[in-house]
Amino acid sequence: MSGARFQTGCELTYQVTSPCAYIFNVSVVGNAFQKIAGEQFITDPPLQVEESRSPTEDKRHHRLLASPGQLKVKYAATVDLSHHVEEPGAVSQTPPGEVPAEVVPYLYPSRYCESDKLARLAHHEFGKLQPGFSRVTAICNWIRDNVEYLGGTTNPLTSAYDTATERAGVCRDFAHLGIAFCRALAIPARFVSGYALGLVPPDFHAYFEAYLNGRWYIFDATRLSPQTSFIRIGTGHDAADTSFATIFGAMTMTSMKVTMELVSGDAPQFSTGAVSTS
Amino acid sequence: MSGARFQTGCELTYQVTSPCAYIFNVSVVGNAFQKIAGEQFITDPPLQVEESRSPTEDKRHHRLLASPGQLKVKYAATVDLSHHVEEPGAVSQTPPGEVPAEVVPYLYPSRYCESDKLARLAHHEFGKLQPGFSRVTAICNWIRDNVEYLGGTTNPLTSAYDTATERAGVCRDFAHLGIAFCRALAIPARFVSGYALGLVPPDFHAYFEAYLNGRWYIFDATRLSPQTSFIRIGTGHDAADTSFATIFGAMTMTSMKVTMELVSGDAPQFSTGAVSTS
Amino acid sequence: MSGARFQTGCELTYQVTSPCAYIFNVSVVGNAFQKIAGEQFITDPPLQVEESRSPTEDKRHHRLLASPGQLKVKYAATVDLSHHVEEPGAVSQTPPGEVPAEVVPYLYPSRYCESDKLARLAHHEFGKLQPGFSRVTAICNWIRDNVEYLGGTTNPLTSAYDTATERAGVCRDFAHLGIAFCRALAIPARFVSGYALGLVPPDFHAYFEAYLNGRWYIFDATRLSPQTSFIRIGTGHDAADTSFATIFGAMTMTSMKVTMELVSGDAPQFSTGAVSTS
Amino acid sequence: MSGARFQTGCELTYQVTSPCAYIFNVSVVGNAFQKIAGEQFITDPPLQVEESRSPTEDKRHHRLLASPGQLKVKYAATVDLSHHVEEPGAVSQTPPGEVPAEVVPYLYPSRYCESDKLARLAHHEFGKLQPGFSRVTAICNWIRDNVEYLGGTTNPLTSAYDTATERAGVCRDFAHLGIAFCRALAIPARFVSGYALGLVPPDFHAYFEAYLNGRWYIFDATRLSPQTSFIRIGTGHDAADTSFATIFGAMTMTSMKVTMELVSGDAPQFSTGAVSTS
């Protein structure tokens, strides 16, 4: 266990042109590894905001109806992080027959993680490796070695199948490909959106978690930020159900600002340990 | 309310060549509209079977580990059906801002229902129609008029995006396209696998449900069987998480037999009513 | 026959960062319908330019090697146009068995015109229409009615298969879809790049030609400019082999200017006639 | 130069259900490396057959119109082969700026060879290798090592982009992927259909040629038959324009028999030499 306190959040501005229903997914989830010391979700103009927590997936929604005009949304939280870090060698793969019922959905292909189309490639590249934490690490290494981190080459429709061949993308694409490879090898894997320290430029981050040895472990093929600095916003099948905002109506986002900084405690370091979140 | 009793089930035979973990999703879900009067799930050879119910989605899993050799699985159930049927004109669309948290996931694109890529087509064809039950009926009519029901033209990788252009498919493809069009129009929609009366040849059936006016309503663009004969096995995002069997290991399916027959009560009829399941 | 004289051409500027081999395809093809009264192809700095004419397809290439630094290419031509216009009703379809050997290649699917994947859609929409000029006109009408002309929605990788479903695009996409539908119906069709009067903003244009009744006829689903103002640069299977510049090496295009204006004669008008180019 | 005489050909039987226009591309092309000592093209019933030779691509077409009923087509040829074999080390890459005009079309992406989508992968895997014959050999080795030769996994719509990720296919798919990689590296490459010795079961073969050092060289990632036994039927952009039969009308192929045997001379051997055909 390491521990540190962070201040994080975002400011989003929209020009709303028709009445819009918003579902925001920007707030931090409180759990044993990330404790919310304080937070606020403010809208300008002040609007009625309904908060809900997804019954199964670990995420919170803030919903509101906005009228035409400017809408500003500000979320800020103070969070105490203390990830659980283990010796990677001890983290074995859970046999698919023993995957708990609530984890089974993460074995299946999803919109942007077509594990069904990547099965042969996954088995060719990783099928003979020792199952467990080190195999998922090998998947991340392969992605980092074979896919170029390059903004502007992909779009919201880009999927793991595309990235496997087009070989360029951003954090979202790296996560999708890692998830797809895992599922193709019968390793449950899920998408995580979050805040992360030190991204340049500051932005929301995306990475993934694989289910091994009875827990969810963090993996991030981008290596852009230490995993022990990750603050989870939401988990889901892939970016399709983990967007920071789902909007019904006509609007334009006019600005987005994401922040995260260390308030106290030790600065997170890159580590080779197995960092788990459950 | 109409009422009738049915006997339904399946027999699946596999030649197992390496130890296999099976997750079966063939058993009927008991609820207010379909009451299970009796059922059995038998394996030959006799194996330990673990049953679980998906915490959120309405489906049951039977899991088992099979050793090399022949595996026979037989499921049989006696089910009393009494679907709720309404006047279609009364079924309006739920505004996206009022969709309950547990229904929100069915607004997003999924593996085989790429609503994000079909948005413009959906709006072009159906965007100006009156929201509500009749608009989803129009979607089903469009599919029946524009897509040919033709076995052998598609495969397990075929998605709604393909079907929108290739214009041929089977029940699974019809359901995927209906779901994708609904979600593109901000109507929650989910995939349903089930048993249905009178399919030739007998087989599992696939259709979809759209969330309208606070309930889930059955839609089936194939018109192959009366909706009031449908017995639900499972609901999911699409066929990816609603397969009748997910198998980890090497095997060959050597036979599949699906049965359904009316035991007592009135034979289900095609109706233009709105049939709901929740 | 109508006749008019035009001044047309382009200016392209590049920042060359490694030695680059350029194949330009911007010069007008001289033939019975478009006579070149004068032209020049100038580079700054002055470079050795090799000109060649494609042996089969109707287009010219200017090739050159550029060293790092700025490269400016200017092409200007004075062209006399006199398209052949016929009564559409007289233009019947050539049976596929009678298509000449040199036209046969335009029956096959190509990179951006996947007629093999669009066969069922083409037959569903157009299969029962009277073969001949009016059927290709119906194809163009369908495209204009169902696909939105919208810049920024597509990219150089977008193909007819995408456009059939995504329903938005620019002139290149409109042409690809028209070609794909034609070929799916056994009508030879080819891609044409050219200059056209009155485009806003001025740009290269793309349209297509269908082979009917022993000649190639111009079709343009965009309706952005009168067909009798089109000056052909090149024909090809699709945009893959009809790009205005193919470049081997590292460079950035820093500006592009395309011009076309009427010098003398009658201003071209939109017409419902069949305009042929061979 | 090695020399040997072969007897090759095919028998194709169709059940014609509506009047059909056939374009066959099964006959051998005569040139300096493959001399036709004798041949016949026979139909049963006897039909009028029109023969043409593609003006640019090296292939011949036999065209005919068939009435409903059975159609049998038999082609047989006696061919003297004497491929030109060189030292691979001497075969350098032709700079793209020096590729002759008639070869330029083979630099562009085509229907089943999407070099535009595979550019980054090609550069990642092969970009740093020494240009020339050995680099194309490295491409073939990569394909053989990473793609499984497996019938029944692909269909006529499968393209190089699919194969790059799905990692299974037959000779056609191996050729498409090799071509796409070459073009992505600015090496002209074309598809070749042909007869080959020793295929099990006997069938038409597909391989590719890359343009290097001013000639076309044979490459075959399948390694199923010695390259010096290949008898060319046709060259093209890819399988789209090199099909052994293009048929307009309704029919069913009821049997296909392909034969090739050595008549005299030395049996072709696998060699590491550079085998050229022009």
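We call the chains A, B, C and D, going by the order they appear; numbering starts again at 1 in every chain.
Just so we're on the same page, a residue touches a chain if its C-beta (ideal position, glycine included) is under 8 Å from a C-beta of that chain, and two chains touch if they have at least 3 such contacts.
For clarity, every value in this text was computed on a predicted model and none was experimentally measured.
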Contacts common to chain A and chain D (chain labels): none
Angular offset of chain B relative to chain C [C-alpha, multiple of 5 degrees]: 180
Centroid spacing, where centroids are CA-atom means, of chain B and chain C in whole angstrom: 47
Chain B-chain D separation of Cα centroids, rounded to whole Å: 45
Centre-of-Cα separation between chain D and chain C, whole angstrom: 30
Multi-partner residues of chain D (each touching 2 or more other chains): 117
Set of all touching chain pairs, with the criterion as stated earlier: A-B, A-D, B-C, C-D
Residues of chain B defined as touching chain C within the complex: 117-118, 120-121, 124, 146, 148, 161, 164-168
Chain A-touching residues of chain B, taken from the complex the two chains share: 21, 23, 52-57, 61, 63, 65, 95-97, 101-102, 104-105, 107-111, 114, 116-117, 156-157, 186, 237, 240-241, 246, 248
